[in-house]
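A, B, C and D label the chains in the order they appear, each numbered from 1.
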Amino acid sequence: MIAASRFHSHITAMSLCVIAAGGTFDKHYDEIAGTLGFGASVLPAVIARSRISQPVRLEQLPLLDSLDMQDEDRLRILDACRRAGEDCIIVIHGTDTMPETAQVLGQAELDKTIVLTGAMIPYEIANSDALFNFGMAFGVAQTLPAGVHVVMSGQVFAWDNVRKDRSQGVFQPARNTP
Amino acid sequence: MIAASRFHSHITAMSLCVIAAGGTFDKHYDEIAGTLGFGASVLPAVIARSRISQPVRLEQLPLLDSLDMQDEDRLRILDACRRAGEDCIIVIHGTDTMPETAQVLGQAELDKTIVLTGAMIPYEIANSDALFNFGMAFGVAQTLPAGVHVVMSGQVFAWDNVRKDRSQGVFQPARNTP
Amino acid sequence: MIAASRFHSHITAMSLCVIAAGGTFDKHYDEIAGTLGFGASVLPAVIARSRISQPVRLEQLPLLDSLDMQDEDRLRILDACRRAGEDCIIVIHGTDTMPETAQVLGQAELDKTIVLTGAMIPYEIANSDALFNFGMAFGVAQTLPAGVHVVMSGQVFAWDNVRKDRSQGVFQPARNTP
Amino acid sequence: MIAASRFHSHITAMSLCVIAAGGTFDKHYDEIAGTLGFGASVLPAVIARSRISQPVRLEQLPLLDSLDMQDEDRLRILDACRRAGEDCIIVIHGTDTMPETAQVLGQAELDKTIVLTGAMIPYEIANSDALFNFGMAFGVAQTLPAGVHVVMSGQVFAWDNVRKDRSQGVFQPARNTP
């Protein structure tokens, strides 16, 4: 009955944690080098802009391109989720290996609702999907039962059934639905 | 156990309907008149930008400032929800009377998940919360059981327990939680 | 031969003054009131964004809708131009009475290059012409001889030969060219 | 007396040509590859946004990173300037070798006003200087006498006296002023 109790609780504000771990969402253009990389995270601005009235704690981890992530980087994210005092956690992550990190988090079976999301276009670039994805993740983190989920392409995926089709830039279920 | 069955279904794409009914979200600056009003809806651009991979149908109703809405305008929105073939409906609406329209929709007890949202700052103006709110509504429309909900201020409210504090520009529960 | 000497001087950086006097350029959306009005000027952000390497002094006067400007408001702008130690002055002004203020400044025959500009769409609203107009004004203020000019609609006008066609939202010469 | 006659002519609209040659100004984020490169030029949108009321012709050349430009690429730009029927030409160009192309154009001594500009941050990325620089170039192209000029960092430079300080990201005179 987790889902039902979570549903009733939504009329009180829940406290949430946002973990910034890098990815396209948070890429910044360096005008001297002329390249996209990481600087100060955009998440403080994103959270302020979203006019969220309940408490939100932002934890910034090293910002990484998800293609550069090693096992220890995923374990650092897992550790941040485990240490978090909040029941609802949103992880901002690169898209290329988001399913791999979702597996690491899912297998840990924490009693928290964890939602991973990211962006196809950086928040700072025109026509970005970042704020939409953040909104989706922020919403479903408050309405889904404990478990690990991925939010991309307008859909919600279970951690053990999601893949990125890199040639199309679209997230899909990893296997056919029975 | 509606919530549980809905939760399992999220690994298949759901079809959704977005109903554009106006409000601050969709306000447009008229450069000849020098005023904010309504023109072509921004929703087609918002939906395209969000990179949603499942089917989304947009139904555009007359775009109205919600302070100008009459009973017949709310009944038009109810009728659009009733006629919709989709199970998940997002209504873009002005903030000032969003709770009133939520009541009209909630009392109709349709077997659909309906989420109302809007914006404090128009989509076309810097620092707008519109895309975040649209993302939240789009997410919870796919994860909540049938019923009518309001998404604003980073929170999800039941249709019969929400009010806008106009002096603060924040949505709150209408009564204390027991 | 003022023009020629000014042309040679452009290889040294000139110091410039920007006078903020309001108008559509600087209108800000008040999310509590739901109206466009004036708040903190956008000019500090505009100047920083423009990556100007020479000294620029910003003088902020009362920000006004130019339809509300009285004689004393135009005299305040004239006084700010007269007091300015810089040779090049850009005045950010509402479009509706920009020609009237240009006449007040032009008839004073100051030995400075003064350029008035504004915007059809506020800087903070999508698709705004404000930054383009500011750039044009900033450029011609450094290349035109002493005198008063209006920059709008992609053109440079003399102070005594410019009008706004309000029905089209376009600036034009006030009289036919001989 | 070229400068003086040009000054008088500014009260009639001049026809202008914009030559798109690439550079940071026009870089586009490819969401599949996850890289900045070139796609459709942003110049049609930039020109429409600027609300220019006189005729502007856009000529699009191959869009190149200016570090990749060869002699033949600069000669293609020179050829486009020579063939242009307009008296005023704005060239959108990468910043890294803008002074080199300015030299090629300047030594040709065409009887036209040619202004090169670009951007430190792409037009499509937050906080870009592109629209400001385009405005400056568009203004001084109408007010300077025939010759070749570079507009960057809020300043106007002669073609034979400009360099980019790459470590600072700032344009400067190449030699000390006598």
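Here, a residue touches a chain if its C-beta (ideal position, glycine included) is under 8 Å from a C-beta of that chain, and two chains touch if they have at least 3 such contacts.
Protein identities per chain, from UniProt: A, B, C, D = L-asparaginase.
The model shown is predicted, which means the values in this text are computed figures rather than measured ones.
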item	value
Starting at subunit A, fewest touch steps before arriving at subunit D	1
Relative to subunit A, chain with the most remote C-alpha centre	C
Between subunit C and subunit D, centroid-to-centroid distance (C-alpha), Å	23
Between subunit D and subunit B, distance of the C-alpha-averaged centres to the nearest whole Å	45
Of all residues in subunit C, the ones touching two or more other chains	120, 127, 169
Set of all touching chain pairs, with the criterion as stated earlier	A-B, A-D, B-C, C-D
Contact footprint of subunit D on subunit C as seen in their complex	3-4, 7, 10-13, 46, 49-54, 56, 120, 127-129, 131-140, 142-145, 151, 153-158, 161, 169-173, 177
Contact footprint of subunit C on subunit B as seen in their complex	24, 29, 31-32, 34-36, 120-122, 124-127, 166-169
